[in-house]
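As C-alpha coordinates, here come the structures.
Presented sequentially are two complexes of chain A, the first with chain B as partner and the second with chain C.
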Partner chain A sequence: MTSMDIEKIADYFTDSLRQVLRTMAGFEVSNTSCDQLDFSDKESNIIGIMVLHGKKDAVISLSMEYSTAAMVIAYMTGILPEELSESDLFDGVAELVNIMAGEVKARLSNTPYHFLLTSPFSIGGTSLKVARKKNLTEACRHLKAGEMDITFRIAYI
Partner chain B sequence: MDIDLYQIFGTSTKNIIKEMLDLDIKGMDSLKEEPGEIHSMGVSSIITFAGTRKGRLLIDMEPGLALYVANTLLGEEYDNIKNQMVLSTVSEINNIVSGDAVTQLNNSYSMRLRLAPPIVFTGQDVIISIPKISSLSSWGDTDYGRIRINIAWEGGNS
Partner chain C sequence: MKVLSVDDSAMIRKIIRGAVEVLDGDLLEASDGIEALELLEEEYRSIDLILLDWNMPRLDGMEVLKKLKADSRFRAIPVMMVTTESERSNIVKAIQHGAVHYLVKPFTIQELVKRIMESLGKGGYKND
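Right after this comes the complex of A and B.
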(Lines of atoms letter the chains of each structure in order from A and count residues from 1; the text may use other names and numbers.)
(Lines give C-alpha, C1' and ligand atoms only; values in the text may rest on other atoms or scores of the structure.)
Protein backbone atom coordinates (compact mmCIF):
# COMPACT_ATOMS: atom_id res chain seq x y z
CA MET A 1 0.00 0.00 0.00
CA THR A 2 1.31 3.48 -0.69
CA SER A 3 0.91 6.30 1.74
CA MET A 4 -2.75 6.97 1.03
CA ASP A 5 -4.27 9.22 3.69
CA ILE A 6 -4.32 6.87 6.64
CA GLU A 7 -7.70 8.17 7.81
CA LYS A 8 -9.18 7.15 4.46
CA ILE A 9 -7.57 3.71 4.72
CA ALA A 10 -8.95 3.38 8.26
CA ASP A 11 -12.41 4.12 6.88
CA TYR A 12 -12.05 1.29 4.35
CA PHE A 13 -11.27 -1.14 7.14
CA THR A 14 -13.97 0.06 9.51
CA ASP A 15 -16.56 0.01 6.70
CA SER A 16 -15.53 -3.57 6.02
CA LEU A 17 -15.74 -4.51 9.69
CA ARG A 18 -19.15 -2.89 10.06
CA GLN A 19 -20.36 -4.87 7.06
CA VAL A 20 -18.93 -8.12 8.44
CA LEU A 21 -20.51 -7.55 11.84
CA ARG A 22 -23.84 -6.66 10.23
CA THR A 23 -24.00 -9.64 7.89
CA MET A 24 -22.40 -12.30 10.09
CA ALA A 25 -23.45 -11.25 13.58
CA GLY A 26 -26.42 -8.95 13.03
CA PHE A 27 -24.86 -5.97 14.82
CA GLU A 28 -25.46 -2.42 13.66
CA VAL A 29 -22.24 -0.71 14.62
CA SER A 30 -21.37 2.96 14.79
CA ASN A 31 -17.79 4.15 14.61
CA THR A 32 -16.01 7.17 16.03
CA SER A 33 -12.41 8.37 16.01
CA CYS A 34 -10.38 7.59 19.12
CA ASP A 35 -9.32 10.28 21.56
CA GLN A 36 -5.87 8.81 22.01
CA LEU A 37 -3.89 6.40 19.93
CA ASP A 38 -1.87 4.44 22.45
CA PHE A 39 -2.51 0.80 23.04
CA SER A 40 -3.86 1.00 26.55
CA ASP A 41 -3.27 -1.43 29.37
CA LYS A 42 -6.87 -2.57 29.60
CA GLU A 43 -7.55 -5.61 31.70
CA SER A 44 -8.31 -8.88 29.94
CA ASN A 45 -7.73 -7.61 26.44
CA ILE A 46 -7.68 -9.75 23.38
CA ILE A 47 -6.03 -8.28 20.30
CA GLY A 48 -6.10 -9.60 16.74
CA ILE A 49 -3.19 -8.34 14.63
CA MET A 50 -2.12 -8.57 10.99
CA VAL A 51 0.85 -7.06 9.18
CA LEU A 52 0.14 -5.90 5.62
CA HIS A 53 2.89 -5.77 3.02
CA GLY A 54 2.66 -3.22 0.23
CA LYS A 55 4.73 -0.34 -1.09
CA LYS A 56 4.27 0.88 2.44
CA ASP A 57 3.87 -1.76 5.17
CA ALA A 58 1.17 -1.41 7.77
CA VAL A 59 -0.08 -3.16 10.88
CA ILE A 60 -3.78 -3.42 11.69
CA SER A 61 -5.32 -4.55 14.94
CA LEU A 62 -8.69 -5.13 16.58
CA SER A 63 -8.74 -5.04 20.37
CA MET A 64 -11.63 -5.82 22.66
CA GLU A 65 -12.54 -7.26 26.03
CA TYR A 66 -12.93 -11.02 26.34
CA SER A 67 -16.67 -10.55 26.93
CA THR A 68 -17.03 -8.60 23.68
CA ALA A 69 -15.06 -11.23 21.77
CA ALA A 70 -17.31 -13.94 23.22
CA MET A 71 -20.46 -12.06 22.18
CA VAL A 72 -19.24 -11.37 18.63
CA ILE A 73 -17.91 -14.88 18.03
CA ALA A 74 -21.07 -16.40 19.51
CA TYR A 75 -23.25 -14.48 17.08
CA MET A 76 -20.92 -15.31 14.18
CA THR A 77 -20.77 -19.04 14.90
CA GLY A 78 -24.12 -19.73 16.54
CA ILE A 79 -22.34 -21.24 19.56
CA LEU A 80 -23.41 -20.02 23.00
CA PRO A 81 -20.82 -17.66 24.57
CA GLU A 82 -20.41 -19.90 27.61
CA GLU A 83 -19.59 -22.84 25.33
CA LEU A 84 -16.78 -20.99 23.56
CA SER A 85 -13.29 -21.89 24.71
CA GLU A 86 -10.52 -19.33 25.04
CA SER A 87 -8.98 -20.89 21.96
CA ASP A 88 -12.21 -20.29 20.03
CA LEU A 89 -12.03 -16.61 20.97
CA PHE A 90 -8.42 -16.28 19.83
CA ASP A 91 -9.19 -18.02 16.53
CA GLY A 92 -12.37 -16.01 16.07
CA VAL A 93 -10.74 -12.63 16.60
CA ALA A 94 -7.88 -13.53 14.25
CA GLU A 95 -10.43 -14.66 11.68
CA LEU A 96 -12.35 -11.41 12.06
CA VAL A 97 -9.13 -9.53 11.23
CA ASN A 98 -8.57 -11.88 8.29
CA ILE A 99 -12.07 -11.38 6.87
CA MET A 100 -11.89 -7.61 7.27
CA ALA A 101 -8.44 -7.36 5.67
CA GLY A 102 -9.38 -9.77 2.89
CA GLU A 103 -12.37 -7.67 1.94
CA VAL A 104 -10.31 -4.46 1.82
CA LYS A 105 -7.54 -6.25 -0.11
CA ALA A 106 -10.10 -7.22 -2.77
CA ARG A 107 -11.43 -3.67 -2.95
CA LEU A 108 -7.94 -2.22 -3.37
CA SER A 109 -6.57 -4.80 -5.79
CA ASN A 110 -5.67 -3.28 -9.17
CA THR A 111 -5.14 0.08 -7.48
CA PRO A 112 -1.82 1.64 -6.40
CA TYR A 113 -2.82 0.82 -2.82
CA HIS A 114 -2.90 -2.97 -3.19
CA PHE A 115 -1.27 -5.02 -0.44
CA LEU A 116 -0.46 -8.58 0.61
CA LEU A 117 -1.97 -10.22 3.67
CA THR A 118 0.04 -12.14 6.25
CA SER A 119 -1.21 -14.67 8.78
CA PRO A 120 -3.23 -12.93 11.47
CA PHE A 121 -2.46 -13.72 15.08
CA SER A 122 -4.11 -13.01 18.40
CA ILE A 123 -2.61 -12.16 21.73
CA GLY A 124 -4.45 -12.08 25.00
CA GLY A 125 -3.82 -11.75 28.69
CA THR A 126 -4.15 -9.30 31.53
CA SER A 127 -2.31 -5.99 31.80
CA LEU A 128 -1.35 -6.44 28.18
CA LYS A 129 1.13 -3.92 26.83
CA VAL A 130 1.94 -3.78 23.12
CA ALA A 131 4.76 -1.58 21.88
CA ARG A 132 5.75 -0.52 18.37
CA LYS A 133 7.97 2.14 16.88
CA LYS A 134 7.29 5.65 18.09
CA ASN A 135 5.93 8.48 15.94
CA LEU A 136 4.15 6.22 13.49
CA THR A 137 1.49 7.58 11.17
CA GLU A 138 -1.60 5.91 12.53
CA ALA A 139 -5.36 6.07 12.81
CA CYS A 140 -7.82 4.64 15.27
CA ARG A 141 -11.58 4.02 15.40
CA HIS A 142 -13.96 2.83 18.10
CA LEU A 143 -16.77 0.62 16.85
CA LYS A 144 -19.68 0.46 19.22
CA ALA A 145 -22.98 -1.38 19.48
CA GLY A 146 -24.59 -1.22 22.90
CA GLU A 147 -21.99 -2.31 25.43
CA MET A 148 -19.79 -3.79 22.72
CA ASP A 149 -16.67 -1.74 22.07
CA ILE A 150 -14.06 -2.76 19.51
CA THR A 151 -11.02 -0.63 18.79
CA PHE A 152 -9.50 -0.72 15.31
CA ARG A 153 -6.01 0.65 14.73
CA ILE A 154 -3.83 0.96 11.67
CA ALA A 155 -0.26 2.25 11.52
CA TYR A 156 2.21 2.61 8.69
CA ILE A 157 5.38 0.86 9.82
CA MET B 1 16.59 -26.32 2.05
CA ASP B 2 13.41 -26.82 4.06
CA ILE B 3 14.95 -27.39 7.46
CA ASP B 4 17.37 -24.54 6.73
CA LEU B 5 14.39 -22.21 6.66
CA TYR B 6 13.96 -22.91 10.36
CA GLN B 7 17.43 -23.73 11.66
CA ILE B 8 18.99 -20.57 10.34
CA PHE B 9 17.00 -18.51 12.86
CA GLY B 10 18.37 -20.52 15.78
CA THR B 11 21.91 -20.06 14.53
CA SER B 12 21.39 -16.34 14.03
CA THR B 13 19.84 -15.98 17.50
CA LYS B 14 22.80 -17.68 19.19
CA ASN B 15 25.35 -15.72 17.14
CA ILE B 16 23.74 -12.31 17.61
CA ILE B 17 23.21 -12.77 21.36
CA LYS B 18 26.81 -13.90 21.71
CA GLU B 19 28.16 -11.01 19.62
CA MET B 20 26.10 -8.28 21.23
CA LEU B 21 25.94 -9.48 24.83
CA ASP B 22 28.75 -12.01 25.11
CA LEU B 23 26.09 -14.38 26.39
CA ASP B 24 25.99 -18.07 25.55
CA ILE B 25 22.72 -19.76 24.75
CA LYS B 26 22.80 -23.41 25.75
CA GLY B 27 20.59 -25.68 23.69
CA MET B 28 18.53 -24.27 20.83
CA ASP B 29 19.83 -27.14 18.71
CA SER B 30 16.58 -28.91 17.94
CA LEU B 31 13.14 -27.92 16.69
CA LYS B 32 9.79 -29.12 17.99
CA GLU B 33 6.33 -28.53 16.59
CA GLU B 34 4.41 -26.06 18.76
CA PRO B 35 0.93 -27.37 19.46
CA GLY B 36 -1.72 -24.65 19.38
CA GLU B 37 -1.29 -21.55 21.45
CA ILE B 38 2.00 -20.24 22.74
CA HIS B 39 2.16 -19.14 26.38
CA SER B 40 4.58 -16.23 26.63
CA MET B 41 7.36 -16.54 29.18
CA GLY B 42 7.53 -12.78 29.77
CA VAL B 43 8.37 -10.59 26.79
CA SER B 44 7.58 -11.64 23.23
CA SER B 45 8.31 -10.05 19.90
CA ILE B 46 6.94 -11.02 16.49
CA ILE B 47 8.35 -10.00 13.15
CA THR B 48 6.90 -10.95 9.79
CA PHE B 49 8.66 -11.24 6.46
CA ALA B 50 7.36 -11.68 2.93
CA GLY B 51 8.91 -12.44 -0.43
CA THR B 52 8.61 -15.60 -2.49
CA ARG B 53 7.20 -17.03 0.74
CA LYS B 54 5.72 -15.49 3.87
CA GLY B 55 6.74 -16.27 7.41
CA ARG B 56 7.36 -14.91 10.86
CA LEU B 57 9.69 -15.22 13.80
CA LEU B 58 8.64 -14.97 17.42
CA ILE B 59 11.29 -14.44 20.09
CA ASP B 60 10.11 -15.08 23.63
CA MET B 61 12.20 -14.39 26.75
CA GLU B 62 11.82 -14.79 30.47
CA PRO B 63 11.67 -11.43 32.30
CA GLY B 64 15.15 -11.81 33.79
CA LEU B 65 16.72 -12.29 30.40
CA ALA B 66 14.78 -9.39 28.84
CA LEU B 67 15.99 -7.09 31.63
CA TYR B 68 19.56 -8.33 31.30
CA VAL B 69 19.51 -7.71 27.54
CA ALA B 70 18.17 -4.17 27.94
CA ASN B 71 20.38 -3.24 30.90
CA THR B 72 23.53 -4.60 29.27
CA LEU B 73 22.95 -3.01 25.87
CA LEU B 74 21.73 0.32 27.19
CA GLY B 75 23.88 0.59 30.32
CA GLU B 76 20.85 1.21 32.51
CA GLU B 77 19.25 -0.52 35.46
CA TYR B 78 15.68 -1.13 34.43
CA ASP B 79 13.66 -3.38 36.71
CA ASN B 80 10.30 -3.42 34.94
CA ILE B 81 9.77 -5.36 31.74
CA LYS B 82 6.93 -3.00 30.81
CA ASN B 83 9.41 -0.15 30.46
CA GLN B 84 9.30 1.09 26.88
CA MET B 85 13.09 0.89 26.53
CA VAL B 86 13.14 -2.74 27.67
CA LEU B 87 10.44 -3.64 25.17
CA SER B 88 12.17 -1.67 22.41
CA THR B 89 15.45 -3.46 23.07
CA VAL B 90 13.87 -6.90 22.80
CA SER B 91 12.15 -5.72 19.65
CA GLU B 92 15.46 -4.54 18.21
CA ILE B 93 17.12 -7.87 19.01
CA ASN B 94 14.38 -9.56 17.02
CA ASN B 95 14.95 -7.12 14.16
CA ILE B 96 18.69 -7.82 14.10
CA VAL B 97 18.30 -11.60 14.36
CA SER B 98 15.65 -11.65 11.64
CA GLY B 99 17.69 -9.33 9.44
CA ASP B 100 20.70 -11.61 9.73
CA ALA B 101 18.71 -14.79 9.03
CA VAL B 102 16.68 -13.29 6.20
CA THR B 103 19.80 -11.90 4.51
CA GLN B 104 21.32 -15.38 4.53
CA LEU B 105 18.13 -16.90 3.14
CA ASN B 106 17.94 -14.25 0.42
CA ASN B 107 21.57 -14.83 -0.53
CA SER B 108 21.25 -18.61 -0.54
CA TYR B 109 17.80 -19.10 -1.99
CA SER B 110 16.88 -15.80 -3.71
CA MET B 111 13.74 -15.55 -1.60
CA ARG B 112 13.52 -11.74 -1.84
CA LEU B 113 12.28 -11.60 1.76
CA ARG B 114 11.55 -8.21 3.24
CA LEU B 115 11.08 -7.57 6.94
CA ALA B 116 8.28 -5.59 8.54
CA PRO B 117 9.11 -3.83 11.80
CA PRO B 118 8.60 -6.03 14.86
CA ILE B 119 5.78 -5.86 17.36
CA VAL B 120 6.60 -6.53 21.00
CA PHE B 121 4.28 -7.24 23.89
CA THR B 122 4.18 -8.26 27.50
CA GLY B 123 1.58 -8.84 30.20
CA GLN B 124 0.32 -11.41 32.63
CA ASP B 125 -0.56 -14.87 31.34
CA VAL B 126 -0.12 -13.74 27.75
CA ILE B 127 -1.15 -16.21 25.10
CA ILE B 128 -0.24 -15.92 21.43
CA SER B 129 -2.44 -17.74 18.97
CA ILE B 130 -1.69 -18.05 15.27
CA PRO B 131 -4.45 -20.05 13.64
CA LYS B 132 -4.03 -22.15 10.53
CA ILE B 133 -0.25 -22.05 10.49
CA SER B 134 2.06 -24.69 11.90
CA SER B 135 5.23 -23.60 13.59
CA LEU B 136 8.41 -25.01 15.09
CA SER B 137 10.00 -23.88 18.35
CA SER B 138 13.52 -24.11 19.65
CA TRP B 139 14.44 -23.52 23.29
CA GLY B 140 17.62 -22.26 24.86
CA ASP B 141 18.91 -21.50 28.34
CA THR B 142 21.11 -18.64 29.48
CA ASP B 143 22.45 -17.64 32.86
CA TYR B 144 19.66 -15.04 33.07
CA GLY B 145 16.64 -16.98 31.87
CA ARG B 146 15.14 -19.04 29.08
CA ILE B 147 14.66 -17.98 25.50
CA ARG B 148 12.47 -19.55 22.84
CA ILE B 149 12.24 -18.87 19.15
CA ASN B 150 9.21 -19.93 17.15
CA ILE B 151 9.33 -19.92 13.36
CA ALA B 152 6.43 -20.34 10.97
CA TRP B 153 6.22 -20.36 7.21
CA GLU B 154 2.92 -20.23 5.39
CA GLY B 155 2.46 -23.55 3.67
CA GLY B 156 4.61 -25.24 6.32
CA ASN B 157 7.97 -26.67 5.38
CA SER B 158 6.90 -28.02 1.99
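Right after this comes the complex of A and C.
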Protein backbone atom coordinates (compact mmCIF):
# COMPACT_ATOMS: atom_id res chain seq x y z
CA MET A 1 0.00 0.00 0.00
CA THR A 2 1.34 3.42 -0.94
CA SER A 3 0.95 6.52 1.19
CA MET A 4 -1.27 7.88 -1.60
CA ASP A 5 -3.58 4.85 -1.26
CA ILE A 6 -4.05 5.25 2.46
CA GLU A 7 -4.63 8.98 2.16
CA LYS A 8 -7.36 8.27 -0.39
CA ILE A 9 -8.91 5.62 1.84
CA ALA A 10 -8.78 8.01 4.81
CA ASP A 11 -10.69 10.53 2.67
CA TYR A 12 -13.34 7.89 1.92
CA PHE A 13 -13.86 7.36 5.63
CA THR A 14 -14.05 11.04 6.45
CA ASP A 15 -16.38 11.67 3.48
CA SER A 16 -18.58 8.94 4.91
CA LEU A 17 -18.44 10.41 8.42
CA ARG A 18 -19.33 13.84 7.08
CA GLN A 19 -22.32 12.31 5.34
CA VAL A 20 -23.39 10.50 8.53
CA LEU A 21 -23.18 13.72 10.56
CA ARG A 22 -24.97 15.74 7.87
CA THR A 23 -27.77 13.19 7.44
CA MET A 24 -28.35 12.10 11.02
CA ALA A 25 -27.26 15.10 13.10
CA GLY A 26 -27.56 18.03 10.69
CA PHE A 27 -23.90 19.06 11.13
CA GLU A 28 -21.58 20.28 8.42
CA VAL A 29 -17.98 19.53 9.36
CA SER A 30 -14.74 20.64 7.76
CA ASN A 31 -12.01 18.13 7.11
CA THR A 32 -8.26 18.69 7.39
CA SER A 33 -5.19 16.47 7.69
CA CYS A 34 -3.45 16.18 11.02
CA ASP A 35 0.15 15.25 11.80
CA GLN A 36 0.03 14.19 15.40
CA LEU A 37 -2.75 13.88 17.90
CA ASP A 38 -1.93 14.76 21.47
CA PHE A 39 -4.71 13.87 23.90
CA SER A 40 -2.88 15.27 26.91
CA ASP A 41 -4.60 18.65 26.79
CA LYS A 42 -8.07 17.11 26.65
CA GLU A 43 -9.97 16.59 29.86
CA SER A 44 -11.66 13.41 28.77
CA ASN A 45 -12.16 11.46 25.61
CA ILE A 46 -14.13 8.69 24.03
CA ILE A 47 -12.53 6.64 21.29
CA GLY A 48 -14.66 4.44 19.02
CA ILE A 49 -12.69 1.65 17.39
CA MET A 50 -13.23 -1.03 14.75
CA VAL A 51 -10.88 -3.65 13.36
CA LEU A 52 -11.30 -4.14 9.61
CA HIS A 53 -10.54 -7.60 8.22
CA GLY A 54 -9.25 -7.65 4.67
CA LYS A 55 -6.27 -8.71 2.59
CA LYS A 56 -4.46 -6.41 4.98
CA ASP A 57 -6.09 -5.81 8.33
CA ALA A 58 -6.59 -2.30 9.59
CA VAL A 59 -7.79 -0.43 12.66
CA ILE A 60 -9.92 2.69 12.46
CA SER A 61 -10.72 5.03 15.32
CA LEU A 62 -12.78 8.13 16.00
CA SER A 63 -11.88 10.17 19.04
CA MET A 64 -13.66 13.11 20.58
CA GLU A 65 -14.30 14.77 23.91
CA TYR A 66 -17.28 13.63 25.99
CA SER A 67 -19.00 16.97 25.36
CA THR A 68 -18.67 16.53 21.59
CA ALA A 69 -20.01 12.98 21.77
CA ALA A 70 -22.95 14.19 23.85
CA MET A 71 -23.74 16.97 21.37
CA VAL A 72 -23.54 14.70 18.30
CA ILE A 73 -25.65 11.96 19.87
CA ALA A 74 -28.16 14.47 21.20
CA TYR A 75 -28.70 15.80 17.68
CA MET A 76 -28.96 12.28 16.28
CA THR A 77 -31.47 11.00 18.83
CA GLY A 78 -33.35 14.17 19.74
CA ILE A 79 -32.51 13.57 23.42
CA LEU A 80 -30.99 16.40 25.46
CA PRO A 81 -27.22 16.00 26.07
CA GLU A 82 -27.68 16.08 29.86
CA GLU A 83 -30.15 13.21 29.64
CA LEU A 84 -27.65 10.93 27.89
CA SER A 85 -25.78 8.46 30.07
CA GLU A 86 -22.11 7.59 29.66
CA SER A 87 -23.15 4.26 28.21
CA ASP A 88 -25.31 6.11 25.62
CA LEU A 89 -22.21 8.02 24.58
CA PHE A 90 -20.05 4.91 24.34
CA ASP A 91 -22.72 3.12 22.31
CA GLY A 92 -23.31 6.14 20.07
CA VAL A 93 -19.64 6.67 19.23
CA ALA A 94 -19.22 2.97 18.44
CA GLU A 95 -22.28 3.13 16.17
CA LEU A 96 -20.89 6.19 14.39
CA VAL A 97 -17.79 4.13 13.58
CA ASN A 98 -20.02 1.29 12.41
CA ILE A 99 -22.11 3.45 10.06
CA MET A 100 -19.06 5.23 8.67
CA ALA A 101 -17.29 1.92 8.00
CA GLY A 102 -20.38 0.36 6.40
CA GLU A 103 -20.51 2.95 3.64
CA VAL A 104 -16.79 2.63 2.90
CA LYS A 105 -17.03 -1.18 2.89
CA ALA A 106 -19.49 -0.95 0.00
CA ARG A 107 -17.34 1.63 -1.77
CA LEU A 108 -14.23 -0.57 -1.60
CA SER A 109 -16.07 -3.82 -2.32
CA ASN A 110 -14.47 -4.46 -5.71
CA THR A 111 -11.00 -3.21 -4.88
CA PRO A 112 -7.94 -4.84 -3.27
CA TYR A 113 -8.86 -2.94 -0.10
CA HIS A 114 -12.21 -4.68 0.41
CA PHE A 115 -12.79 -5.45 4.09
CA LEU A 116 -15.29 -7.05 6.45
CA LEU A 117 -16.79 -5.19 9.37
CA THR A 118 -16.23 -6.36 12.93
CA SER A 119 -18.01 -5.32 16.09
CA PRO A 120 -17.13 -1.73 17.01
CA PHE A 121 -16.31 -0.80 20.58
CA SER A 122 -15.48 2.30 22.59
CA ILE A 123 -13.01 3.15 25.29
CA GLY A 124 -13.08 6.28 27.37
CA GLY A 125 -11.53 8.10 30.26
CA THR A 126 -9.39 11.07 31.18
CA SER A 127 -6.04 11.96 29.64
CA LEU A 128 -6.12 9.00 27.27
CA LYS A 129 -3.03 8.49 25.17
CA VAL A 130 -2.63 6.07 22.30
CA ALA A 131 0.74 4.40 21.73
CA ARG A 132 1.38 2.90 18.33
CA LYS A 133 4.15 0.88 16.78
CA LYS A 134 6.48 2.83 14.55
CA ASN A 135 6.35 2.73 10.76
CA LEU A 136 2.70 1.76 10.47
CA THR A 137 0.97 2.79 7.28
CA GLU A 138 -1.44 5.26 8.78
CA ALA A 139 -3.41 8.42 8.10
CA CYS A 140 -5.25 10.92 10.23
CA ARG A 141 -7.98 13.50 9.65
CA HIS A 142 -9.36 16.22 11.79
CA LEU A 143 -13.05 17.14 11.51
CA LYS A 144 -14.35 20.35 13.00
CA ALA A 145 -17.75 21.93 13.49
CA GLY A 146 -17.68 25.00 15.72
CA GLU A 147 -16.15 23.99 19.04
CA MET A 148 -16.42 20.30 18.22
CA ASP A 149 -13.35 18.33 17.20
CA ILE A 150 -13.40 14.78 15.95
CA THR A 151 -10.25 12.92 14.96
CA PHE A 152 -10.27 9.97 12.57
CA ARG A 153 -7.32 7.61 12.28
CA ILE A 154 -6.66 4.54 10.16
CA ALA A 155 -3.66 2.25 10.48
CA TYR A 156 -2.91 -0.84 8.39
CA ILE A 157 -1.32 -3.58 10.46
CA MET B 1 -49.29 0.06 15.79
CA LYS B 2 -46.53 -1.92 17.48
CA VAL B 3 -43.00 -2.10 16.07
CA LEU B 4 -40.13 -4.34 17.13
CA SER B 5 -36.67 -2.81 16.72
CA VAL B 6 -33.82 -5.31 16.67
CA ASP B 7 -30.47 -3.53 16.80
CA ASP B 8 -27.41 -3.90 19.00
CA SER B 9 -27.01 -0.12 19.16
CA ALA B 10 -29.08 1.57 21.84
CA MET B 11 -28.64 4.85 19.95
CA ILE B 12 -30.29 3.46 16.82
CA ARG B 13 -33.13 2.05 18.91
CA LYS B 14 -33.64 5.50 20.47
CA ILE B 15 -33.78 7.09 17.00
CA ILE B 16 -36.30 4.45 15.89
CA ARG B 17 -38.31 5.04 19.07
CA GLY B 18 -38.53 8.73 18.12
CA ALA B 19 -39.84 7.84 14.65
CA VAL B 20 -42.38 5.33 15.96
CA GLU B 21 -43.65 7.86 18.50
CA VAL B 22 -44.17 10.37 15.68
CA LEU B 23 -46.55 7.78 14.25
CA ASP B 24 -48.24 7.26 17.65
CA GLY B 25 -46.94 3.73 17.80
CA ASP B 26 -45.38 1.57 20.51
CA LEU B 27 -41.88 0.18 20.30
CA LEU B 28 -40.50 -3.09 21.60
CA GLU B 29 -36.72 -3.46 21.62
CA ALA B 30 -34.27 -6.33 21.27
CA SER B 31 -30.51 -5.99 21.16
CA ASP B 32 -29.78 -9.11 19.11
CA GLY B 33 -31.43 -11.85 17.11
CA ILE B 34 -31.84 -14.32 19.96
CA GLU B 35 -33.52 -11.71 22.16
CA ALA B 36 -35.80 -10.80 19.23
CA LEU B 37 -36.93 -14.39 18.69
CA GLU B 38 -37.58 -14.85 22.41
CA LEU B 39 -39.63 -11.67 22.48
CA LEU B 40 -41.57 -12.72 19.38
CA GLU B 41 -42.61 -15.99 21.04
CA GLU B 42 -44.68 -13.89 23.45
CA GLU B 43 -45.58 -10.90 21.35
CA TYR B 44 -45.86 -11.94 17.70
CA ARG B 45 -49.63 -11.55 17.56
CA SER B 46 -49.40 -7.84 18.39
CA ILE B 47 -46.38 -6.86 16.29
CA ASP B 48 -47.08 -5.02 13.02
CA LEU B 49 -43.53 -4.46 11.80
CA ILE B 50 -39.98 -5.60 12.57
CA LEU B 51 -37.01 -3.30 11.94
CA LEU B 52 -33.96 -5.52 11.73
CA ASP B 53 -30.26 -4.72 11.84
CA TRP B 54 -27.88 -7.05 10.00
CA ASN B 55 -24.65 -7.19 12.02
CA MET B 56 -25.42 -8.19 15.59
CA PRO B 57 -23.89 -10.50 18.18
CA ARG B 58 -25.16 -14.07 18.75
CA LEU B 59 -27.56 -14.19 15.79
CA ASP B 60 -27.31 -11.78 12.87
CA GLY B 61 -30.20 -10.15 11.04
CA MET B 62 -30.07 -12.37 7.96
CA GLU B 63 -30.34 -15.51 10.10
CA VAL B 64 -33.23 -13.92 12.00
CA LEU B 65 -34.96 -13.07 8.73
CA LYS B 66 -34.63 -16.66 7.51
CA LYS B 67 -36.04 -17.99 10.79
CA LEU B 68 -38.96 -15.55 10.69
CA LYS B 69 -39.91 -16.50 7.16
CA ALA B 70 -39.61 -20.21 7.95
CA ASP B 71 -42.00 -19.99 10.88
CA SER B 72 -45.71 -19.83 10.05
CA ARG B 73 -46.42 -17.76 13.18
CA PHE B 74 -44.00 -14.97 12.21
CA ARG B 75 -43.97 -15.19 8.41
CA ALA B 76 -46.64 -12.54 7.79
CA ILE B 77 -45.00 -9.83 9.90
CA PRO B 78 -43.32 -7.38 7.51
CA VAL B 79 -39.59 -6.94 8.05
CA MET B 80 -37.56 -3.89 7.09
CA MET B 81 -33.79 -4.19 7.24
CA VAL B 82 -32.12 -1.14 8.84
CA THR B 83 -28.41 -1.67 8.41
CA THR B 84 -24.99 -0.37 7.42
CA GLU B 85 -24.66 -3.22 4.90
CA SER B 86 -25.13 -1.27 1.69
CA GLU B 87 -23.65 -3.64 -0.90
CA ARG B 88 -26.10 -4.45 -3.66
CA SER B 89 -25.67 -8.21 -3.21
CA ASN B 90 -26.78 -7.93 0.42
CA ILE B 91 -29.81 -5.82 -0.45
CA VAL B 92 -30.86 -8.37 -3.08
CA LYS B 93 -30.29 -11.22 -0.62
CA ALA B 94 -32.48 -9.61 2.04
CA ILE B 95 -35.31 -8.87 -0.39
CA GLN B 96 -35.09 -12.42 -1.77
CA HIS B 97 -35.45 -13.74 1.77
CA GLY B 98 -38.60 -11.72 2.36
CA ALA B 99 -37.65 -8.25 3.63
CA VAL B 100 -40.20 -5.68 2.39
CA HIS B 101 -37.81 -2.72 2.65
CA TYR B 102 -34.11 -2.08 3.05
CA LEU B 103 -32.97 1.14 4.71
CA VAL B 104 -29.25 1.85 4.74
CA LYS B 105 -27.70 3.82 7.62
CA PRO B 106 -27.23 6.76 7.70
CA PHE B 107 -30.83 7.88 7.24
CA THR B 108 -32.83 10.95 8.15
CA ILE B 109 -35.70 10.68 10.61
CA GLN B 110 -38.07 11.72 7.80
CA GLU B 111 -36.80 8.89 5.62
CA LEU B 112 -37.22 6.43 8.48
CA VAL B 113 -40.80 7.52 9.19
CA LYS B 114 -41.66 7.29 5.48
CA ARG B 115 -40.19 3.79 5.16
CA ILE B 116 -42.00 2.59 8.28
CA MET B 117 -45.28 3.80 6.81
CA GLU B 118 -44.52 2.17 3.47
CA SER B 119 -43.56 -1.08 5.15
CA LEU B 120 -46.77 -1.12 7.13
CA GLY B 121 -48.63 -0.62 3.86
CA LYS B 122 -46.82 -3.52 2.30
CA GLY B 123 -47.74 -5.54 5.37
CA GLY B 124 -51.27 -5.64 4.05
CA TYR B 125 -50.72 -9.21 2.97
CA LYS B 126 -50.52 -10.13 6.67
CA ASN B 127 -54.02 -11.58 6.75
CA ASP B 128 -54.13 -12.81 3.16
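Here, the second predicted complex is superposed on the first by the 147 of 157 C-alpha atoms of A that agree within 3 Å, B and C clash if a C-alpha of one lies under 4 Å from a C-alpha of the other, contacts with A are read in each partner's own complex, and residues count from 1 in each chain.
By definition in this document, a contact is a pair of C-beta atoms (placed from the backbone, for glycine too) under 8 Å apart; a residue touches a chain by one contact, two chains touch by 3 or more.
Model, not experiment: these values are computed from the prediction.
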Look at A:I157 in the shared chain and tell me whether it touches chain B only, chain C only, both, or neither; answer first, second, both or neither.
-> first
Have a look at where A:V20 lands relative to chain B and chain C in the superposition and call it first, second, both or neither.
-> second
Which holds for A:G78: it touches chain B only (first), chain C only (second), both, or neither?
-> second
Figure out whether A:E95 sits in contact with chain B (first) or chain C (second), or with both, or with neither.
-> both
Would you sort A:S87 into first (chain B), second (chain C), both or neither based on which partner it touches?
-> both
Which of the two partners, first being chain B and second being chain C, lies in contact with A:K133: first, second, both, or neither?
-> first
Chain B versus chain C as contact partner of A:E103, first or second or both or neither | second
What residues on chain A does chain C touch that chain B touches too?
-> 87, 91, 94-95, 119
What does chain A use to touch chain B in their complex?
-> 49, 51, 53, 57, 59, 86-87, 90-91, 94-95, 116, 118-133, 157
In their shared complex, at which residues does chain B touch chain A?
-> 36-37, 40, 44, 46, 48, 50, 54, 56, 82, 84, 87-88, 91, 114, 116-117, 119-133, 152, 154
Footprint of chain A on chain C - complex, ascending | 9-12, 14-15, 18, 55, 57, 83-87, 104-109
Within the complex, which stretch of chain A touches chain C?
-> 19-20, 23-24, 73, 76-79, 87-88, 91-92, 94-95, 98-99, 101-103, 105-106, 109, 117, 119
